[in-house]
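Listed after this line are the structures, all set down as structure tokens.
One chain, chain A, links the two complexes that follow: it is found with chain B in the first and with chain C in the second.
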Partner chain A sequence: MADIPGTGAKPLLSLHNINMTFGGIKALKNVSFEVLPGEVHCLAGENGSGKSTLIKIITGVYRPEDGAVIEYDGQTYSHMSPVTAQASGIQVIWQDLALFPEMTVAENIAFQTVIGRWPRFVNYRTMHDIAVKALKRLGVALDVDAPLKDYSIAQRQIVAIARALVGEAKLVFMDEPTASLTQSETDHLIEIVRSLSASGVAVVFVSHRLAEVLEISNRLTVLRDGALVGVYPVEGMTQSRVTELMTGKNFDQQVRAKSVRDNPIVLEVKRLSRPGQFHDISFNVRSGETLGITGLLGAGRTELALALFGMLKPRSGSVSLHGKPVRFSSNRDAIKAGIAYLSEDRLSLGLIQPQSIADNLVIASLDSIKSGGLLSDDRKRQLVARWIADLGVKIGRQSDAVSTLSGGNQQRIAIAKWLATDPKLLILDAPTVGVDVGARAGIFEIVAKLAESGLAIILISDEVPEVYFNADRVLHMAQGQIAGWFDPQSCSLQEIEAAVYA
Partner chain B sequence: MRKLVQSHATEFALLAVIAAICVVLSLTTDSFFSLGNAFDLLNTSSVNIIFAVGLLVVLIAGGIDISFAVAASVVQYVTALILGYIGGGGWISGLLIAGSLGILLGAFNAFLIHRFRIISIVATIATFNIYFGLLMFFTQGVSIYDLPDWLTDRVVLFEHEMADGTWAEITLPVLVMVICVAATWLFITRTTTGRQLYAFGDNPEGARRFGINIGAMQFIAFGWLGMMAGIAGLIQAHYAQEVVPNALYGRELDVLAAVVLGGARLGGGKGSVLGCVLGVLLIAITQNGLNLLGVSPFAFKMIVGAIILVAITLSNTSIEKLLPFMRGARR
Partner chain C sequence: MNTAVNRIKEFLGPEIAGPGLAFVAVMLFFSLASPQFLSSATFGSVAFQLPELGLLTLAMLLPVLTGGLNLAITFTANLAGLTVAWVLQANGGVDASMASFVLGCILAIAVGAATGVVMGLVIAYTRAHPILVSLSMMIFVRGLGEFLTRGGDISGFPAFLQPIGHGSLAGIPIPLLIFIVCVLVWHVLLTRLKLGFNTYMIGSNIDAARYSGVNTRKVLVLVYTLSGAMSAVAGIIMLARFNSVRVGHGESYLLITVLACFLGGVNPFGGFGRVIPVFVALVVLQLLSSGLNLMGANQHLATAVWGILLIAVMILRWLAAQLMIFNRRKG
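Entry: the complex of A and B
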């Protein structure tokens, strides 16, 4: 068995010689992976690096090629089955949680008790007790008799964790558990992971957010293109070092901020307010400028963006574009006036997944591809080809469904869709959620190029480094108000982070 | 109590609407508020309630069925023929035959949906046409009046002589309906299979990851509706004392509307037996009331449609908005 630096412990799980091929493509090449009892282990890698394939092999969803050795809790297997995996204490908390919103919290947590082929009577009291016990172990109080749909995403996450604990878990996989959580919810989750680990449960954490990975994990396994890059202790690791390991490239981020004081003002917002959401917001954005807006989730960033895009009505204040006051009664007006908004939730709101790349790209600019009152396929093809080339999107055919593209390429299609409307102001709301590190850099390249061409850009993100490195000025929002302004050229990243997470 | 109201908003809204209609009808008509009329309502609604609880199970599992009413017609007809062939039979053999035939027709729907991945509304529109077409083709639209005596004899379970000399009666269909309702309630709320159906309708992918047998879920849901439809078919033949091939044609939409009115969700995972029964009763009471008020039967459908819209809007939104103090505390 391989040496584990700094420990003498015997691994709980150890995999060797794992190979997996899908349709001629090697998804995993001779990978090994080890988890110690009670440790928090991070599995890092870009999309398509083989992380989920590895998890699915460990949980028995896939069967690895011959020669694989899986040692778990003193037993040796050539492959796992879902039943063995669950019975021996391996649990997965899927990214989509796989919960039942209409059922009660108790039923969700103790759902294991109603599984099985032959009908039995349901014992609601047992379910109730199991649920209360599991939640108590997490130190959380929820009304277990209430339907799950009454609870927030963060609370549902806790329910999913509680459900995993019911099966006497020894090893818990968490797939992107913080993707939809706010900072304080993430902190709470991290507390829970720590207490699980302290009670002897090993946790394997898969996350795109490197900051929290480094905060929580003991060790780190990095995969790239289906091969093992290495296993590292987290102590002494930095985010840029992990990024480098994951992508094999060096992303030395530099502040891109530049002075744009002489450019004409595109958007001027004066004392904009909407009760309960944002209050007394004034700022301007110049042509060629990238304005970064950051703040915790719930600070009113998205609501402000929606107000600028005509989807929420401000109660008071004014908005002018190129010096002319505008008032939008719907987002159609805003699009016409030259405002484009790339939504936070690209997957459900921004793109229509089953439709083709071409149809998605032209949906906001159908007028421009009309010929004699009807849509012209030729013009559509030209427009799509132009944007795909401009933004460097990797696609098969224009008629392929958007769902076949990777996260980074989907994001580019979403950007292209709005650029095709020939906007003056582009609002990007959390453009890198669910996009891996390598592709993020590509997206910000595009943003910089667009700014250079004279577009005014508002970049909204709750990841402070994103706005620090990519915006010319940073606006910090808290509780619906402007809490401060920062100039990346004259302040440090830590200064902004301290203000935001204060 | 507050919790009870909160978790059963639809049921309480329906009860409130039913109570309001009953009060109005009691004040405006002489005959609505009487034991005889109440019993009549139950007797005539029984068949629809049996259909409704069957359909509820399919809706909870995330499906929909358009074919069950004509399937019941097929069952009626074939059962009548089989009973004639075996020379009579009785209630037990009759219900067994009808229930089994119903399960068979329901299972065919499940087979199409599961094996060929046809979405349930399309599959059952197809079988709706197939079942009805076959029935009309082979019967030439001829009704059967020559039914066994046990099937056409009225069975009175309870009777009470009213002051004016008429009799208020509860008949056999009510008993069968109560058994079907109780069985469905027990099945979907108290058995593991029932909870699996809810989970499957709520989040099919989540259910699959738990190892729930998806195919079995479809067969159980459509089989249960088939069985209920078969039983309802036989009871309707008993009530009408004849088998008319197209008697139940069109019933599917009335029942579907009532079940959705009762809080079941198209899309699965939600719905209760109580809501479903109240949904059917609300529509029945409205029709009965309009009848007593002397409104033209041609206006019935229009008014029932309006009632469905109003009640659904009420149950979806207002209870919680009207009573904001009931929310909060959580979250």
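Entry: the complex of A and C
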């Protein structure tokens, strides 16, 4: 391995010659990885690139194949065990946090300190003190005696970090830490990571939200298909360059925006409000237009979409479709009227994961596969085959569970489900969540074709580049209100990002 | 030719493997163990006993497919039987007319459906757990029935009821014919109607089904209503078979119906399962009990063997799943 660029420091952790095979598939091929003491390091790669496998080797969950060399804090190992990893200060904060919601903050932070001690009594006083001390170190004030479930995801994450600190962490891995945080919460997390780093704790970020990672990290390790692509200083790195490294493909995106001012208006929203969620929202979407809506998590984007889809009732304001005012008592009315809503949560709301590809595709348009009043298997097969061909979905059999598909193919099935209802307006809420970077372009290709065919589309995303490159107009929502409009043809990506992250 | 094979496969479903194997095993075992097993007497006894448990199992099947349960089926059947009995008694008892019997049946099915409507509404709107809701309904229906009958039997029915319980048509027992008709109705409902389709979807993920535009409340109410109505049909057959009605008749069938669904490959958490494999599973259970009976075993032993069979099925399923994973790893 070459020297770490720009440093002379001795690494805290260094791995060499790491190989791992699962069922004939090489998950890691001769990978090396190094972390310096106190640095913030980003581990980047697509799903399946081997990031999690690597972390599990470092934390002792998996044992690498023979020949591996793991050097940590001056000691050499051929493999780690979970006990040695923890005892020597390696901590992982998993994406799901692995906390106990029903227990108190103090118990969550300090429970590891009382495990396995003899006599087997729990000293709540000590736990309380340990927890208070750990939170103080993070500069956070939480009521440690309150149950964890009273706190938000962001605060729970801080609890998880505090727990890691109690274990005298020298090296902390954070798996997708910002996935469910708002911007201000993310900012706070970044502050905490900086202070950890300053106090000598090394932090490794595993994230696909590149913007934040690039803001905070010192160095970047990229994995692709189980192999090391390289180690880079973050200085001067751009998001598109990282994407290119992760996928091995060049995604120089072009602004697709076009003028659709002459097309007829499909959806007209006037002064729509729902207390506590969105306020005084007015806009229209024309046939063939893609309207981008961006804003931070909690800006009211999804609530607005659900109101248009008939699943939330607005308190005041009006919605008209093709000039006719509409009022929906449920999403069934909205679907009948020609509105389709692709949920942001594909796993639990967008698709019925255990059921078949075919059934997921036809669920919203059962009337179209009837023959003589009964559902026809033949017509179902034909309809599914047509959509799968149209959208270029790669599937095995129609009867396979939809959960067997990759994120990108699942999303195509979800889109096909709504297209089968013959909608006039398609609302896409975060359509690339859980879709590999490489497959995202394919999704937007479909979106562009649909717009071309005259469909009105609302594209909701918290990733500003997605709406910038793929929408004709961009609406910025903040705190439930319209904060601004942007035209991608006449403004830069940075302008919108500056406004959104202000 | 190929399409015909596919049609049959489609009709039977992939869940047929378990009950199909069990059927072959039971047939083989008893044919070898007892020379009288392969006789018309055995099949006569199976054919007459199958419908009671079978109809109740159909009543249980729909809620199970939605990921729920209807524990009120047996007492709903009793209450429906009582309804018929009262109508007959009010119209002359032994001398009651055919018309009054038909009226009684209609009212009985309405009573059964009513219990289902109430359960369905409560489950759909409060999202209370079906076990609790149907358990409450079960206790209510049982209490009501016992209160109205003071715990006694009602008997003394017109003679034309006899064939419904014990007669045959073209060599096929009438209760069995009614049961087969109900099986086919359920099969069509689940495979060819929107209600059936949505039942499966709700069973797997009710929220995702709602987001896809399924009227989940309506589906749940209809499922429990049909379950109640089917319980009532079971109650009417039981009345004709025993020539009397008592609250508590068929009580022991309740949990067997859940197990029959399971033996028939129905996913206990909902979303997957077909009628035909459940039918085969019921035949297996009944053959087992008749076969043991024939060999001179006690009826209670037969029940114990049912339990063992189901445990064996669970272990075999687990083994089969392990084998599949193993093969996939190798492949």
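Here, the second predicted complex is superposed on the first by the 493 of 502 C-alpha atoms of A that agree within 3 Å, B and C clash if a C-alpha of one lies under 4 Å from a C-alpha of the other, contacts with A are read in each partner's own complex, and residues count from 1 in each chain.
Here is the rule we use: contacts are C-beta pairs under 8 Å (C-beta built on N, C-alpha and C of every residue); 3 or more make two chains touch, one makes a residue touch a chain.
Because the structure is predicted, anything quoted here is derived from the model rather than measured.
For the composite obtained by overlaying on chain A, chain B and chain C can both be accommodated side by side without a clash.
Of the two partner chains placed by the overlay, neither chain B nor chain C lies in contact with A:G167.
Contacts of A:P37 after superposition on the shared chain: neither chain B nor chain C is touched. The angle formed at chain A by the C-alpha centres of chain B and chain C is 40 degrees to the nearest 10.
In the superposition on chain A, contact of A:L366 is made with chain C only, not with chain B. Contacts of A:G438 after superposition on the shared chain: neither chain B nor chain C is touched. Once the two complexes are laid over each other on the shared chain, residue contacts for A:F121 go to chain B alone; chain C is not touched. Within the superposed three-chain model, A:G48 lies out of touch with both chain B and chain C [touch as defined at top]. By the touch criterion defined above, A:S343 reaches chain C but does not reach chain B. By the touch criterion stated above, A:P233 is placed in contact with neither chain B nor chain C. Distance between chain B and chain C in the overlay is 6 Å (nearest C-alpha pair, rounded to whole angstrom). Within chain A, no residue touches chain B in one complex and chain C in the other.
Partner chain C is touched in their complex by these residues of chain A: 23-24, 311, 330-332, 335, 341, 343, 348-355, 359, 363-364, 366-367, 374-375, 377, 417, 421.
Across the interface of their complex, chain A is touched by residues 3, 7, 189-196, 198-199, 202-203, 205-207, 209-213, 216, 269-270, 330-331 of chain B.
By the touch criterion stated above, chain C contacts chain A in their complex at residues 10, 188, 191-194, 197, 200-201, 204-205, 207-215, 271-272, 329.
Of all residues in chain A, those touching chain B in their complex are 82-83, 94, 96-103, 107, 111-117, 119-122, 143, 145-147, 150-152, 155.
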